[in-house]
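Listed after this line are the structures, all set down as structure tokens.
Same chain, two partners: subunit A is paired with subunit B first, then with subunit C.
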Partner chain A sequence: MSSIKISNLRKIYGSTPAVDGLSLEVQSASVFGLLGPNGAGKTTTFKCMLGLARPSSGEILYDGKPLTPQSFERIAYVPERNVLYEWLTVDEHVEMNRRAYKAFDPARARELLSQFGVDHRKRASALSKGMRTAVMVACAFARNAEILVLDEPTSGLDPVNQRHVLSLIINEAAKGNSVIFSSHQIGQVERAAETIAIVDRGKVILSGLVDDLKADRKIVEGIFPDVGFSLDGIANDPRVSRVDRTERIVRLLVTAGADEIASRLSASGATGIRVLDLNLEDIFLYAVSPVTATTDIVTKEQSS
Partner chain B sequence: MTYIEWLRIRNCLKVLAIILVILVGLAVVLRISVARYMSPAQWVHHISRDPGTHESSVTLPDGTKRMILDNPGERMHVIIDDHGSAGTHIEVTEPSSRAHKENNNVSVGSVHVVESRHGTMTTTIIDTNGAVPMLYYMAIADVFALIVATILAAPLAREINGHLEMTLTKPISRLRYALGAIGVDVVGILAASVMTVAAFYLCQLLFETPRLDFSGVNTRAILMGIASPLAWYAMLCAATTWMPRAYGALLGLIPLGLLFVGLLTLVPTSNVVALFIHDVAWVISRFDPLTYVSVASPNSEGTMDYSGANFGFRISMEALFFVAYGALALWRWQRVEA
Partner chain C sequence: MPAVLTVDPRSGVPIYLQIVEQVKRSVALGVLRAGEQLPTVKQLAIDLTVNPNTVARAYRELEREAVIETATGRGSFVRTDEVESSPRVAVEIGRDAVELALREAKAVGLDRDEVRAIFEAALERWFSELPKGDSQ
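This part shows the complex of A and B:
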């Protein structure tokens, strides 16, 4: 059982902060999803967590203790990019892991490779992008590690193998291990992660349990008879986190009390009132690009 | 933890082994082509069995075992001096009409044959199986070891350049990893030297039983043959660790660059510009481990002095370079980030 606690992490390259005061906590026996647009600081966060990059400030603790080289007996990592040795065969990568990590299970690695459809006799240079990811994933999951740090572990994999990786992630949490992973496939994160953090420009802009985030957040939409309408103070309600106006249409992102806000909107003269649910992708888009999110959500709702 | 480095060395030594096997193969071809010539030992044995030959033996005051074969009927007189580990000296005097007509002056391995004609008689002097200076072996081994050292000299740069996420997430400190990788490479470079010596020993064995001389300058040659490739390796290792993205170019260009600098130090200092070029090149060359690779130094008469003068300084410089350049590489490696 292992947990990770990151406090006020900052990493500055030159004068540009890649990670800017990021804090998060990964509970033991859980799956944590880290979401964010490109360049948000996810990979840098992982690198700081693993000592691959030196944090400018902040603290990272594993079960209350800082990272040491010996910690890597308990931590498995799948990097975002291909780091396999092109001139080695898959078998030699397995052997390298066997020699490096005491708990590494080569039989399990070969079993996973077989499930992913990787030919273990091939050199890494002869593998496709997806197969290379599969090799890194197989070696990581054969480590019997208590903590798995996975940076886009499904990158390049076909849908069947993507689903397989998700099963492995969920299975690790069921075994009592902690998994923190990032992915641009938000549907996968929604399926596997219990807790998420959305990162943008190096900061956590939203975090919490996936179910809570989804239950709390709704969009309330209404149409006014003419463009000169007034919201009668609805926009100032603390439960309304964002207001988008397009001609006669208004869309409100509310974090609680959606029905009550809808009634107030109706009372102020709006018609065609609708309360829309948000999935994780909607929540993500709202967090990082609210205008895109509103348009996208409403268009999707109307077409369905 | 150093499995990858072992595999790199295995691949490198595999290529070296192929090259050495080809060289041994060429030696076998050469041996077969000269097989029709009788060896000196066989030849002496052949003469001593002639019924007309009188054989006598004596031990000279210096311990040399002298055998004299005299065959009046054939007008042949042979003196064989066995100097033990210093080889065998054979003098054959026979009618010119019977003397060997081919290869009047031959040197193959430690066998040297010189023929001289005196009227109707010819004297053939054969010096065989003398000690072979280890210096010769080490000169060849050093070349191969330097090539292997150059190939292997980017163990940390190769990791920085594409595998850092894998290397630095092993349960071992950065320092121990780097020391392990460098240590493995050192073993590989020494193995290259040993393999080369073994291959050339085998080549010589095809012709005679080699007796290697390890004394005096030869011991110094062995020490220099070990130290100089390691210092060279450390220098390249430091350079590639500091500029990991260009490690391939560095491994190719540094040897050429330093060779060029070495040539510039020979520029005659006839004018101010030449003097300036010479002085700059001279200063740069002080940081090149190969500048100090020598077991002899020129003396005031313009000849080479093999007595070992300045050898302590030169070997110390090689050791210093190995440590200093190695420390530079490690210092950089400790600070590298993915």
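This part shows the complex of A and C:
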């Protein structure tokens, strides 16, 4: 069952579409990771999900129903730019949350704040960037919300606290709640998310289960005896999404059927056939900037 | 269960497959014994900091391959019928390793006789009847 369903969302600022026909579904009891370069439309999407920006068109449904004022009790949100009241202390922010949300658990919030190492007596204005993030995250995870929308929930945090946020996210999914989060740290998304969407220029350009994307997408490499080799139509195979030829070496980015394509390459005279795995960072780079990705792959092989 | 499982999320190998392979290896090595209980999906997800659905998928695959069985409400256990009598999982792991090595040898252009010579030498080194630590 999907707890969040976004269909064909568009948000146009002036004449520029920030989100341009974006669709995605977050299943219940799962973690969804949203990846994309800066300005891809992730934050605008989150704002539309929370009613903080009005969609130009499209639909956002929670358990099949549009957002209502009552929905806010069920949805916890960590915005990209943390919204704290500079003159209030951390304790006063906890108190403010307690008054705003029925299910908010102040004891849990204080426990999380102490785990993150936040001094609860300090005013917001005296907190570092990481500690400000920690305050937002601690309050969100103390909400007992069913849906968590987290825009860069680890930004500014040290590695120990980043891992702690990931554990909290995992724990929510284990309790049956749904989490959608964005991060520029692809490794975090790779670890915690079951499903991902890569967003570029306001559209989803690739989505799926992380494990399935890794299982299907491979680089198939072969070496031909002469420079003037022919690929015998392998390049036209719909599963071959990219062909790189360097001298006698050919490198194919395949989206499925790597072993079969490796056999075909071998049959057409190539030797030294290798099938290389791609991690999520490789997959991401290929999706959003193919040229950089190639350089990256080549560098990695030379160094290994 | 002993804390033997680790995953490398940055690897190109799907996380659920990493879990499947490690559980199989633990069973083959006897680190996980027949009838031994595995952690719950939730517990392992939290321990490894990976998505619970990913762990659940690994467990389903291990059930499908008859390495573990899950009793509703009681948890998942290493199957008793397999491990004691037949080292099936061990045979699978060994076969995969040999397959991989042979594929690589072929890819770099070795012929059958060359591979056989290498294989015989390696066999001699690793499987000679001399007691351990007494290799002259």
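Please note the rule applied: the second predicted complex is superposed on the first by the 294 of 304 C-alpha atoms of A that agree within 3 Å, B and C clash if a C-alpha of one lies under 4 Å from a C-alpha of the other, contacts with A are read in each partner's own complex, and residues count from 1 in each chain.
Everything below uses one rule, namely that a contact is a pair of C-beta atoms (placed from the backbone, for glycine too) under 8 Å apart; a residue touches a chain by one contact, two chains touch by 3 or more.
Worth saying up front: this structure is predicted, and the values here are computed from it rather than measured.
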Which of subunit B and subunit C A:G228 touches, first, second, both or neither: neither
Touched partner set for A:L52, first subunit B, second subunit C, both or neither: first
First, second, both or neither for A:G64, with subunit B first and subunit C second: neither
Contacts of A:R191 with subunit B and subunit C, given as first, second, both or neither: second
First (subunit B), second (subunit C), both or neither touched by A:I170: second
Touching partner for A:A100 - first (subunit B), second (subunit C), both, neither: first
Partner chain(s) touched by A:Y85 [first = subunit B, second = subunit C, both, neither]: first
Larger contact residue set on subunit A - subunit B or subunit C: C
Partner chain(s) touched by A:L276 [first = subunit B, second = subunit C, both, neither]: second
Subunit B/subunit C common contact set on subunit A: none
Touching residues on subunit B, where the partner in the complex is subunit A: 1, 3-4, 7, 11, 162-166, 168-174, 176, 337-338
Residue numbers on subunit A that touch subunit B, as the complex places them: 47, 50-54, 69-73, 75, 77, 79, 81, 83-85, 87-88, 92, 95-96, 99-101
Residues of subunit A defined as touching subunit C within the complex: 29-31, 163, 166-167, 170-171, 173-174, 187, 190-194, 210-212, 214-215, 218, 271-274, 276-282
Of all residues in subunit C, those that touch subunit A in their complex: 9-17, 41-42, 45-46, 49-54, 57, 107-109
